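Letters A, B, C and D name the chains as they come in the text, with residue numbers starting at 1 for each one.
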C-alpha cells in the first residue's frame, strides 16, 4: 500500500461519511423533497473544480515565470481532475433541474459558465496532448489555462447581465437550515480532500511518466550501433 | 426520487472510476518495469 | 526598436500579401452571404421576427468568417517558415502580434462591409450607425483573441479543430454583449448603452491580456 | 578571442534525443563547417546557435553574452539562414527585404547592397513565388546579411545555388564568423578551416581541418 493508496483510502472513507450525512442526517427539503439532496455534492464538486482550475492557473503562471517543470505537472494534474469534477457538477445539475424546473437545461449564469468551464479545460487537455511534449506544450497550455480562468467569471457576469435584459423566472435559494448547512460544509470539506488526493496522485503519475519518457531514451541511445565504450 | 439515486450513482461511478484508474496507472508506473531500469 | 513601426510594417505586409493574392476576402464575403442564405431558410425569417433573428444570424456568420480569417493569418507564415524569420529579428513579439491583429481586424471589417448591407437587404433590418458601431467594437476584442489563439495553434497538430474549440468559449462574452447591442439597435428590449459599455470593457480586458500573453506564445 | 562558446548542448524533441552534449568554440572571424548526414542533429544545432531554439540543457555564449537571456539583443549580430527560405510569396524580392529592414531597424539602402552581393539585382522586382529555387535561396541569404551581422549561421546555404555557390558564399562570409552546415565536403574544405562532425547527435572531433578530413 503506497502512501498514495493510503491517502486514497482516507479520502474514500471521508466521502462515505459525507454520503451518510447527506442521506441520513440531513432533513428532507419540504419544498423540493428528497431530490434536493443532490445539492450537497453538486455544489461541493463545483467548488472543487474551481479549486483545481486555480491550481492550473497558478501552475501556468509559475511555469511562464520560471519554467519550473513541477509547476507544469501540477497544472496538468489540476486540469484533468478539474474536468472530472466539472463533469460531475454538470450532470448532477441537470438531473436536479429536470424534476425542479421541468427541463434538463436552462441558460442561467451558473450552468452556462460551468459548461464553458468544461469546454475550455477539455480544450486545454486536447492542446496539451496535440502539442509536441515539452516546453512548447507547457507554454501554450499555460496561456490557455490562464485565459480559461479569466473567461469563466466574464461569461458568468455577461450571462447574469443578459438575465437583467430579459427578466425571467429567478431561482430563489433561501438560507439553509443549520443541519443542511452542516451537511453541506462536511461534504464540501470531504470533496476538497478527495480533490487534493486526486491531484497528488495525478501529479505523481505525471512525474513518473516524464522520467519514464527520458529513461526510455537513455536505454535506446546506449544501445545505438556505435556503443560508447568502443575501443 | 430516481433522479437523486441516478445523480449520486453517476457521481460515485465517475469519481470512483477515475480514482481507481489513476491508482492502477500509478501502480503500473511505479511497478517492476520502471524500477528495473533504475538498477 | 520602435514597436509601433514594427506593428505597422507587419500589418502592411499582411494586407499587401492579401491584396496581391486576393484569396481570403472574396472567399469570406461569399461565405458570409451563404451563411445569411442558410439563416434565412433555417429560421423561416419574415418581417415579423426579422429583428429578433437577424442579429443571431449576423453573429453566426461573423464568428465563422472570423475563424476562417484567423486560421489563415498564421497558415501562410507557417507554410513559408517566415514566422521564424520574423521572430529571428530583434522586433518584439508583442509588436508583431499587434501587427497581425491589426491586419486580421481590417480583413474582418472588409468582410463586415459585405455582411451588414446583405443583412439589411435580405432581412429588412435597419442598418444604422449604432449597429455598425456595435459590430466594429466587438470585432476588435474578438480579433485580439482570434489572432492570439491562431498563433497558439499554429505549430500544433489538428490546428483547424483546435482553433474553434479554444476561441469560441472566449468569444461568448462578445456575442452576448454584441448580440444584445445589435438587437436593441434594431428595436428589441434591452439597453444599447449598457451593451456597448460592456463590449468596451471586454475589448480593453482582452486586448491587454492578449498583448501580455503574446510574448510567451510568439517565441521559439 | 572566442566569439561562440557552447558546452553540453543537449536537446530532446519530446521522446527523441536529438543532440547530446555538444561542445564547440568558434573564434572571431573563424569559419566552421558542421558535417553529418541527415538526422545527425545539424539543423537542431544550428537553430540553437542562431538563438532560434532553446536547448533542453547546455550553455551558450555569443559575443560574451548569455545567448538564452540576451536573445533579442544578440539578434542584431546574428544572421540565420534556415532550411526553408521563409519568404513572402506574394511580395517582390525588394518588398521582402524592405519588410525585414523595418523589423531589423536597418536603413533601406541596405536592400540594394544585399541584392547586389548575392547577384539578385536583376530580379529585384519579381514576386518571390516567381523566382527559381536558387534565386529564392540567394534572396534568403541576402536577408540573412541585411543587418550586417558579425555571426552567420547558415543551414546548407549551398542548396540549389548551382556552380558559383563557393564564389558567392566566399563573398558573403568575408570577414564574418561563420558556422555552416553542409553535405558538400569539398565546399566545406574550401570555405572552412575547421569542421565539426555530428553523428547521432554527438560531436566527434573539432580538430582542425587537416585531422578530420584525412
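Note that in this section contacts are C-beta pairs under 8 Å (C-beta built on N, C-alpha and C of every residue); 3 or more make two chains touch, one makes a residue touch a chain.
None of these values were measured; they are calculated from a predicted model.
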| item | value |
| --- | --- |
| Selected interface, A-B versus A-D, where C-beta contact pairs are more numerous | A-B |
| Chain A-chain D separation of Cα centroids, rounded to whole Å | 47 |
| Geometric centre distance via CA averages, chain B-chain A, whole Å | 15 |
| Gap in Å, rounded to a whole number, between the CA centres of chain C and chain B | 43 |
| Centre-of-Cα separation between chain D and chain C, whole angstrom | 38 |
| Of all residues in chain C, the ones touching two or more other chains | 220 |
| Residues of chain A engaged with two or more neighbouring chains | 132, 135 |
| In chain B, residues with contacts to at least two other chains | none |
| Pairs of chains in contact (touch as defined earlier), listed by label | A-B, A-C, A-D, C-D |
| Chain B to chain A touching residues, read off their complex | 1, 3-4, 6-8, 10-11, 14-16, 18-19, 22-23, 25-27, 29-30, 34, 37-38 |
| Chain A contact footprint on chain C (complex, rising order) | 145, 148, 152-153, 155-158, 162, 165-166, 168-170, 172-173, 176-177, 180, 189-191, 194, 198, 202, 205, 209, 213, 216-217, 219-220 |
| Chain A to chain B touching residues, read off their complex | 2, 4-5, 8, 11-12, 15, 19, 33-35, 37-38, 41-42, 45, 81, 84, 87-88, 91-92, 95-96, 98-99, 194, 197-198, 201-202, 204-205, 208-209, 211-212, 215, 219 |
| For the chain D and chain A complex, residues of the former touching the latter | 12-17, 20, 54, 56, 199-200 |
| Of all residues in chain A, those that touch chain D in their complex | 132-135, 213-214, 216-217, 220-221, 224, 226 |
